[in-house]
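Structures incoming, each one as C-alpha cells.
Below, chain A partners chain B and then partners chain C, in two separate complexes.
Entry: the complex of A and B
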C-alpha cells in the first residue's frame, strides 16, 4: 500500500468532484444554479485579488463585468467574432478599464477608494442604459451567440458547466502563480504595511494599479461568459447589488484566502435558492433575503475572519482513515515496526 | 575616505512647525554616524526626508555625489539606501522568509507575465532570491525560523527580521532607526555587536538613530546631535558628551552649571 497517499491537496478533491457534478446532478435547475455559483466564484476570486491580496477596498466589480460582457457581446453580434476571441477581448476590456479607473483613483485609500469604485459602477450602468445606439439601452442585447469548438455548438447547461470549470481553473492557477511570485509578494506587502513596502523599494501605486487591472480582467472574462450563457446582456445583468453580494461572499469566505471563494460563493449564492420554496407566497418574498442576512450576521459573529480565514497555504486532507481500511493487518505490523525506532 | 551622503540646508516644515531646520550633515563611506537628540528633535523626520518619504521644503540631498532630493522612495532604495523603522513595521501576516524576500524587491526581477508563465528562468530567479534571503536570515541567526509567521515571533526576533529585510536590499548606506528600541540589555548588546560587525565585515556605512546612549556611544565613529530640528553639535562621542549645548538640550539649563562645576 505504499502507493496510497497519506494526504491529498484539497484542490484535487475539489477538481475531481466538480468534474462529476453534471453526471450526478440530473436537475436542470440545480445545474443552472451551480453555473451561477461558479461565476460568483470567479468574481469573488477577482475581488479577493484586489481587496484580499493588495489590500485595496474596491466595491464596484459589477462595472467590469458589465464592460467585459458588453464588449464581448457587441463584438460577437456586430463583428461576427468567435466566442473565444470575444472572451479574450472581454478580459482585455476589463483590464483597460481597470487601468483607467485605477490610475485615476488608486492614490486614494480606504473608504474613499470604495466610494469611487462604487460611483464608477453606477456610471457604467447609467451609460449602458443611455447609450441606446450601441447597447439598445434597457432592452439589452439579445441573441448573443454560443461558443463553438471544432464544429461542436454549445447547447444546454452541461457544456457551459465544463467551460466555466476551465475558466475557474485558469483563474485559480494564474492567481496562485502570481501570488507566490515577486509581484504577489509585493502586493501582500502593500496590504500589510504600505509605507514599509515603499521603504523596501516597492512602487506601491504601480502595483496597486496592476493588481486592480488583473482583478478587472477576470471580471471582464466572467462577463463574456455570462453574456453567452444567458444569450442576453442588459444593464441589469450585473449591478450594485451583485457587487455587494460578491463583497459579502469574499468577506465570509475569507478576505486574503486562496480557496475562500468556494465556501463564500457557494454558501451565500445558494442560500436565496434554498429559501426560494419557503417564500413563494406574495408578501413574504423579502423574507428570503432577510434570512440570508441573518445567516450572514451569525457567520460573522462565529467566524469574523471568514470561513477560510486568511490562509494562502495549501490545504491538505488526511487520507489516513481510508488508508487504514485497506492496509492488511500484517502490513500494519510491518509499518509500525519501521516507524517506531 | 569618500563622502557617501550629504545633506545641504535640509529643511522640512509641516505648516508652521519646522521639524528639520537647515541641517547640514555628511556621512563618509565606511563610518558609523550616530544621530541623537531628545524626543521630537527631528531625527526620524530627517530620516524620512533622506529616504524620500517626505518631499523636503528646501535644501538638497546628495548620495555618492548624485542629487537625490526629489527622487521617489523606490529609486532611492535602488541607489543603495535602505532603512528600518523606529516602530516595528514588518509584514505581520507574511512569513519571515517572505519578509526578507520583499527586502530583495529591487534586487530581483520578475513581473506578472513571468509569474503566470512560470518559465524555468523565473523559477531559477525565485530560487536564487530564496537562497539569498536565507543567507541574510542566517547572518542574524534566524534561518531556522524562516517559515514562521512574522507576528508569531518574540519582539527582539521581529526587530531582527526588520534588519535582515533592510540588509536584503543590499544597501551601501543602512539607516537604522532605533534598532535596539524595546530590547533588554543583553539583546541590545547583541544588536550593538551586530552593528559593529555589519560595519567592519559587511562594509556597510551606517546612519544610526538611537536614544540609548549605551548603544550609540561605543559604536559611533562620529555623532550628530539634533535639537528642535537644528544641528547643535557634531564630533566624536567624547567631544559631543562634553558640549554645553548638548547637556543643555538633554538635561536643561540648570544642569549646565552643575556639570561645569563638577569639572
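Entry: the complex of A and C
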C-alpha cells in the first residue's frame, strides 16, 4: 500500500468530481442551476482578485460583465465573429474598460472606491438602456449564436457545462500563477500595508490598476459566456444587486482565499432554489435577496474572515481513513506494536 | 432653448435638490462621526416613506379624515418611527463592527440595505403605488416658469428643516457633543461625553430627515416602491460628497447643484440619461476635488 497517497489536494477532488457532475445529475434543471453557479464562481474569483489580493473594495463588477457581454454579443451578431474570437474580445473589452475606470478611481481608498465603482456600473447600465441604436435598449439582444468547435455546435446545457469548467480552470490556474508571481506578491503587500509596500519600492497605484484590469477581464469573459449561453443579453442581465451579491459570495467564501469562491458562490447562488418550494413567483427573488443581506450582516459580525479564511495555501484532505480499509490486519497489528512499545 | 425653459429647469432642480440634501444629511453626519458610508441610508428612506404612506392612506380611507390633517399626523409618526428604526439599525448592525475596519462596517451596511429593501418588497410587493396629492392643480408663475405647489412646499420644508438642524448642531448641548465626537471620539469619551448616545442621536436625526425627504419625493413623483431607496440613497451620497462630507451647508449646496445639474442635463441631452449625470458628477468630484466644495478642516480620509 505504499503507492496509496496519504493526502490529496482539495483542488484535484474538486476537479474530478466536477467532471462527473453531468454524468451523475440527469435533471436538466439542476445542470442549468449548476452552470449559473459556475458563472458566479468565475465572477467571485475575479472580484476576489481585486478585493481579496489587492485589497481594493470594488462593487461594480456587473459593469464589466455587461461591457464584455455586449462586446461579444455585438461582434458575433453584426460582424459574424466566431464565439472564441468574441470571448477573447470580451476579455479585452473588460480589460480596457477596467483600465479606464481604474486609472480614474484607484487613487481613492476604501468605501469611496466602492461607491465610485458602483456609480460606474450604474452609468454603464443607463447607457446600455439608452443607446437603443446599438444595444436595442431594455429589450436586449436576442439570438446570440452558440459556440462551434471543429464543426460541433454546442446545444443543450451539458457542452456548456464543460466549456464553463474549462473557463473556471483557466481562471483558477491563471489567478494562482499570477498570485505567486512577483506581481501577485506585490499585490498582497499592498493589501497588507500600502505605505510599507511603497517604501519597499512597489508602485502601489500601478499595481492596483493592473489588478483591477485583470479582474475586469475575467468579468468580461464571463459576460460573453453568459450571453452565448442564454442567447439573450440585456442591460438588466447583470446589475447593481448582482454586483453586491457577488461581493457577499466573496465575503462568505473568504476574502483573499484561493478556493473560497466555491463555497461562497454555491451557498448564496443556490439559496433561491432552496426557497422555491416555499414561496412562488416574485416572492422568491425578494426573499432571497433579503436573506443574502441577513447572511452578510450576521457574517460580518460573527466571522468576518468568511468560511475559508484568508488562506492561499493548498488545502489537503487526509486519505488516512480510506487507507486503513485496505491495510491488512497484520500490518495493523504491527503498527500497533510499534506505537505501544 | 428659451430662457423660460432654463429657469423652469433650474427652479425644479432646486426643489428636488433641497430634498436630496435632506438625504445627504444622513450620510454627512454619520460619516462625520463614525467615518463610514452608511449604505443602508437609502433603505431607511424607503422605510420612512412606506410608514407615512400607509398611515396617510389609513387616516384618509379608514378614519375618513381630510388630506392635510392625515398627512401631518402621518409624517409626524413616520419621523418618530423612522428615527427609532435608524437607531435600532445602528445598534444591531453597526455597533458590533465598530472596532473593526471601516470596510467591515460599510459591507455590513450594504447587507442591511439588502435586508430592509427586500424584506419590504416581500411584504408589500414590488409594484409602485400612487400617492394622494397635496396640492391638486396649484400652479405658481414666476418669470415665465411654472411651479407646482408641491415644489414650493418641498423648498419651504427643506429649508426650514436644514436651518433647524444647523441651529441644533451649533446651539444645543447635544449638538456640541456630536461635534466633539466627530472631531475626536476618543477625546470626547475621556471628557465624559456619552459617545453611544451621540451616535444614536446622529442616526435618529439622519433617519428622520430621510423619512421627510422620502415622503416628499413620493408625493412629487406620485410613486412609492420598495427599491426607491437605492437611487435616492446614492444621490444623497453624491450630494454629501459634492458639497463636502461632514458639513451641513455643504450638503445643502451639493443637493442644489446636483438637482440643477441633473435637470439641466436631462433637459439638454435626453431624459433617459438623468441618473447617469448624477454618477458622472460623482466620479468627476472624486477625481478633481475629493474633499468636496466646502472641505472640513481635518486630515482627508481619502
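By our rule, the second predicted complex is superposed on the first by the 307 of 341 C-alpha atoms of A that agree within 3 Å, B and C clash if a C-alpha of one lies under 4 Å from a C-alpha of the other, contacts with A are read in each partner's own complex, and residues count from 1 in each chain.
Throughout what follows, a residue touches a chain if its C-beta (ideal position, glycine included) is under 8 Å from a C-beta of that chain, and two chains touch if they have at least 3 such contacts.
Remember, it's a predicted structure, so these values are computed and weren't measured experimentally.
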item	value
Touched partner set for A:17, first chain B, second chain C, both or neither	neither
Partner chain(s) touched by A:201 [first = chain B, second = chain C, both, neither]	first
Touching partner for A:174 - first (chain B), second (chain C), both, neither	first
Contacts of A:318 with chain B and chain C, given as first, second, both or neither	neither
Chain B versus chain C as contact partner of A:79, first or second or both or neither	neither
Chain A: partner with more touched residues, chain B or chain C	C
Which of chain B and chain C A:9 touches, first, second, both or neither	neither
Chain B residues within the chain A interface of the complex	51, 53, 72-74, 77-78, 82-83, 85, 89-94, 98, 101-103, 105-106, 108-112, 114-116, 118, 122, 126, 129, 165-166, 169
Chain A - residues contacting chain C, complex	57, 59, 104-105, 107-112, 114-116, 118-120, 122-123, 126-127, 129-130, 240-241, 244, 247-248, 251, 282-283, 285-290, 292-297, 299-301, 304
Of all residues in chain C, those that touch chain A in their complex	36-37, 92-93, 96-97, 100, 102-104, 106-108, 110-119, 121-122, 125-126, 226, 230, 234, 237-238, 241, 270, 272-273, 275-276, 279-280, 282-283, 286-287, 290, 302
In the complex with chain B, residue positions of chain A that touch it	174, 177-178, 180-186, 188-189, 191-193, 195-203, 210, 214, 256, 310
